[in-house]
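Two complexes come next, and they have one chain in common, chain A, joined by chain B in the first and chain C in the second.
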Partner chain A sequence: MPTQSRTAARRSSLGALARRPETGSLIGFVVVFAFFAALGGPVFMGAPGWSSWLNIAAEVGIIALPVGLLMISGEFDISVGSIVPASSMMTAMLAGHYDLPALVAICGGLAVGLAVGFVNGLLVTRTTIPSLIVTIGVMFAVMGLTLGFAVLIKGSTSVSYVPTPMAKALLGQFINNMFNVAILWWLGFVAVFFCVLHISPIGNWIFAIGGDRESARNAGIPTSRVTIGLFMASGFCAAFVGVVQVMTYQQAQVAGGQSFIFNSIMCVVIGGVLLTGGSGSILGILLGTMTFAVVNQGVFFAALDPNVGPIIVGALLLAAVLSNDTFRTLALSAAAKKA
Partner chain B sequence: MSNRQSGGPNKGGNRHEVSKSIAAAATAAVLGTGAFAQDIAVIAGSVEDAFMDKIKKGVDDATHMVEANGGSVQYLRTQNYENFGPDLVTLINQAVAQGVDGIAIPIWVPDAQIPALNAAREQGIVIMQYNSGLPVKDDISAINYFGSDEYAAGFGGGKYLAENGATHILCHIQVPGAINLTERCRGVTDGAAEAGAKVTVLETPPNLDGDVTGTAEALKAEFIGDQSIDAMVSCADFGAAAGANAVEQTGLDIMVSAFDFSPATLDRIKAGNQTMAIDQQPYLQGFLATSMLFAHLKFGTEISTDPVLTGPAIVDASNVDAVVAGAALGAR
Partner chain C sequence: MPDNATVLEMRGVDKSFGPIDVLHEISLKVNEGEVLCLLGDNGAGKSTLIKTLSGVHQPTRGEMLMDGKPVNFVRPKDAQDMGIATVHQFGGTYPLMSIGRNFFAGAEPTRGWGPFKVFDRRKANAIAVEQVRKFGITGIDDGDRLVGGLSGGERQSLAIARAVYFGARVLILDEPTAALGVKQAAHVLRIVNEAKRRGLAVVFITHQVMHAMAVGDHFTVLIRGAIAADFRKGEKTREEIADLMAGGESMADLEADIEGYMETHEGHPPPPVH
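And then the complex of A and B:
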């Protein structure tokens, strides 16, 4: 029996590949990369080009992973946009203003993310307010608090901090002068989230919740705990990016994280995650993030008008949603034929 | 500071550019409020904008002088820049509804602001302009302008870089199409040309505004793509953080500079990672616009210099320590 199914799988491997949810994202990435590689030439294919889009991908990618998991479970998290500056402000304030050790400051920054995520999760699970609205509300509240405390304590909306060599090496250095160490952290996060979604039982719970929350709860899945955990994960990851930014650019500003809201959602959707939940993969999110980053940086290496970048990203987004529908229909019809 | 502004007797005399109607409106405002308290509103930009905090410090310091003379100052700011024109009009109308005698305001969105301000002026409210919008000053019949001229600031910056050895300068605009930023780069171009350097303008897409990493990588691509670039000036302070990072990544020898600055800018200038910053001294803008509007209403003073330019003031290694001291007090 196992031998039979394996042979069957091999025989129809091309068909199976075409039905995998990541296929659309993979095609998108290959096309976009080939396009910019042709236009950008050897510079884009060399260390400057690779480091350029990988540095972008690392930051947005770290946030896109938990945001993707939340979307698979049927929830949105808009608040990441204000957690990034809140955490970098907390870190810079603790280390740069109060002169506390870097480790304490980093933990403080990360704690901000965990706390905001916990509040998000609590509000989403205890009330009937949709997560989109909850996290928009929380985003504004966090923004206001960040601003208020910064002005109250520092009298300014911008704080500078010169990190210790250790903190800089771990979180803010450029390997080979070009590759931000955040890229390695991103790959680490990818591994962790891969285990959570595709290996551990929690992954099945997340898919089940996204498919039908009510049935998932009836099946004995601790839906509230999973949801709160996911929001805390996205808070943590956003806060992590905030800490990385302080260590890299040696400054924190109360505004500036807004671009992560839409960018992370776009990476996730280009990566084939279903907006309504229940479907998606880490590999897809990874590919979506890489595609997004290549387009964003490729335009500068290809010497195109920089405004072409957003146009391509927008077109990719629409193409991704359309192709996802197509691949899903393919997969469903194939499954129906087998039955 | 006050010895140059006792121009009461000159009122309406030597200021040929002021039309009769303003003089009448101003007089009406002064007569109308007479011996009562003079209340003024100062309208400013987003509460999230660090630059605006320095303006606020100037407004706060001037408020002491206003209150000592029996007047009051209302300081109104927009929440953000998302819906900027309508938000500014709301603040103008709010000030009018509260019966102020004067409004100090920058002009950022002329189409939205000019009609609202003219309506306010018809009710006898005196307009003082600061920080932005010098070209439309006459359209709102402002009594004076405290701020920098974007073109002049760019000219000074471009000339400085060229005189310090730059031959090809990249001028970075973070909001494509923004008129004040375009003016800055036009000034940089002309200033650099005077000292024999050429300028390339780079407009990064709006989704990179405020995104240091994205901007750093975009600048890196430009630096590598055209290695004749040996200096850059960004219209945004975060652009200098991005530029310094791009220079560090590429290892190229490029002078980094920017308009305006933050505490981190001063760190970079001290550490030698940034050549200079072009300051417009927002503290002076807030302080002078508030105190001079009030003095005009209360004492009938006029300043014979019009407009009054508070910039460009170049911050570099030679004066950074004095600026750090001022920054620690929130005024630079």
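And then the complex of A and C:
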């Protein structure tokens, strides 16, 4: 019967939609954006509004991508909070204090991230300490080292550096004096991480490790190598943001970057990644990051009390986890009913 | 009855963890196209035995042979490479991944070349659905469905079909029916029969005698780490097997005790022993 088959088709496409982990995040983003668009008016909808939240989104977004992949594989990375200033400091120190070429300084900054990520990965895979604790420990160690070396070498907690025009244009320029060039880098990272998670076979390994590490290892997946690789990716991305900050603000501080810890996790969770691993998507993380950034900046445009911002972010986080759970249950039951 | 070719054999295997002896002189044979039922109560040493078979533990004494040649499995991977696959109760499946992705976890089919290898979702789904259906799970037709939405029996079947597809010759099933309802368990037992029909050597671990009787060709009863009985299909009744598993303490005696108590206590069962 035509009516019946049409209902069946609609149900299955609804089921397919509910099965997508990012459905909840998409609804969340649309609601939040509409809310602030209504309150913020034309200024928020114009270039100033867009640039302000996109600039925030780009920086936290670059870190949220690998943090999300790690969470899908069942791990946390808190150390990103100290990798950002450590890599800024390294870059500024090499280029500003030792007058080395910009390229060397940038590589030095990124190497800090890769090295810290490698240490994280080794500690997590070789010991039984949970990654949450390992990376908190590493975060404090890196924080201390950064401060120690800065004071030892420069005798100060900040180093300034005037980037070469080339380095500035690539990593720290504001397009139209508004849009940070990092936004383009962010989109590039999104594309790369999308390929890794959803197109390459490695993505399947990451999901499997998060789903059941023991079974994944039994299935012949190199779980330790994947985990170490993911920690190095998150170290690299955090270091990249550190380099971008030096190029943008022409200065490196030993502190700062702590906000990235919770913000990156928040973006990832709002984006529908399961806190215990095994489920999530890049599109979701992208939407989660955009939602977070819109709330973060929309408050100023909406002429609300700035203190309202964190309240909304907090409520959003809870709502996101609730709705993601609902959609996950829907996805599972939709699959069961179809049988 | 002619014996089929022996695939995996244990000869006088002992296993100790430090001063604690867990397995004593275990000798058993797993034949092609046969189901060996490993029966035993909790703590009888079943898990240690299958972990030794699958390369997680190494025997303290004695030897293991595969196709008549001595083998030494240092890691589970060694056993897997020889075609020994272990399927645990819910192991080997990832609830939040699709059927296709589950089936090929760790051995993904790819398109393209070099660093641009692409996970071939369509191929993975098609093969997974086909293989599972071959095992009689006709309810599955969409490889994109999440495994968490399948029933326990279907998940077991998926794991077994996966092991068979990837060339398993010996299938070790660790209590596959323990957590399942009657219907689901029957489902899994059919799969076990199908694996047997295809010539696989199956080791079926259970403490449900009914399930063992339904598929088993050969039965080994384990008590406190030693083989207490070893017999072929039809040589013992269900009651005899159950009694053996209970460690000689006859189940019938126990039942008589309870009934006797109830008769003299106005139908109340005996109070639980603390």
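The criterion applied here is as follows: the second predicted complex is superposed on the first by the 326 of 339 C-alpha atoms of A that agree within 3 Å, B and C clash if a C-alpha of one lies under 4 Å from a C-alpha of the other, contacts with A are read in each partner's own complex, and residues count from 1 in each chain.
We take it that a contact is a pair of C-beta atoms (placed from the backbone, for glycine too) under 8 Å apart; a residue touches a chain by one contact, two chains touch by 3 or more.
Nothing here was measured: the structure is a model prediction, and the numbers come from that model.
Chemist: Based on the shared chain A superposition, would you classify chain B and chain C as clashing or fitting together?
Modeler: Once chain A is superposed (C-alpha atoms), there is room for both chain B and chain C without a clash.
Chemist: Return first, second, both or neither, reflecting whether A:A219 touches chain B, chain C, both chains, or no partner chain.
Modeler: In the superposed model, A:A219 contacts chain C only, not chain B.
Chemist: In the three-chain superposition, say which chain, chain B or chain C, touches more residues of chain A.
Modeler: B
Chemist: To the nearest 10 degrees, what angle do the lines from the C-alpha centre of chain A to those of chain B and chain C enclose?
Modeler: 130
Chemist: Scan A:F301 for contacts with chain B and chain C and give back first, second, both or neither.
Modeler: first
Chemist: In whole Å, how close do chain B and chain C get at the C-alpha level once superposed?
Modeler: Taking the overlay as described at the top, chain B lies 34 Å from chain C at its nearest C-alpha.
Chemist: After overlaying the two complexes on chain A, where does the chain B footprint on chain A coincide with the chain C footprint?
Modeler: none
Chemist: Can you list the residues on chain A that touch chain B in the complex?
Modeler: Going by the criterion above, the answer is residues 43, 48-49, 51-53, 55-56, 59, 143, 147, 151, 155-160, 162, 174, 177-178, 180, 245, 248-251, 253-256, 258-259, 262-263, 296-297, 300-301, 303, 306-307, 309-310.
Chemist: For chain C, which residues count as touching chain A in their complex?
Modeler: Interface residues on the chain C side: 76-77, 80, 86, 91-97, 101, 104-108, 110, 117-119, 139-140, 142, 144-146, 148-151.
Chemist: Which residues of chain A touch chain C in their complex?
Modeler: Contact set of chain A toward chain C: 16, 19, 199-201, 203-205, 207-208, 211-212, 214-216, 218-221, 274, 278-279, 328, 331-336, 338-339.
Chemist: Considering only the defined contacts, which chain B positions touch chain A in the complex?
Modeler: 47-50, 53, 176, 202-214, 216-218, 220-222, 224-225, 238, 241-242, 245, 248-251, 262-264, 266-267, 330
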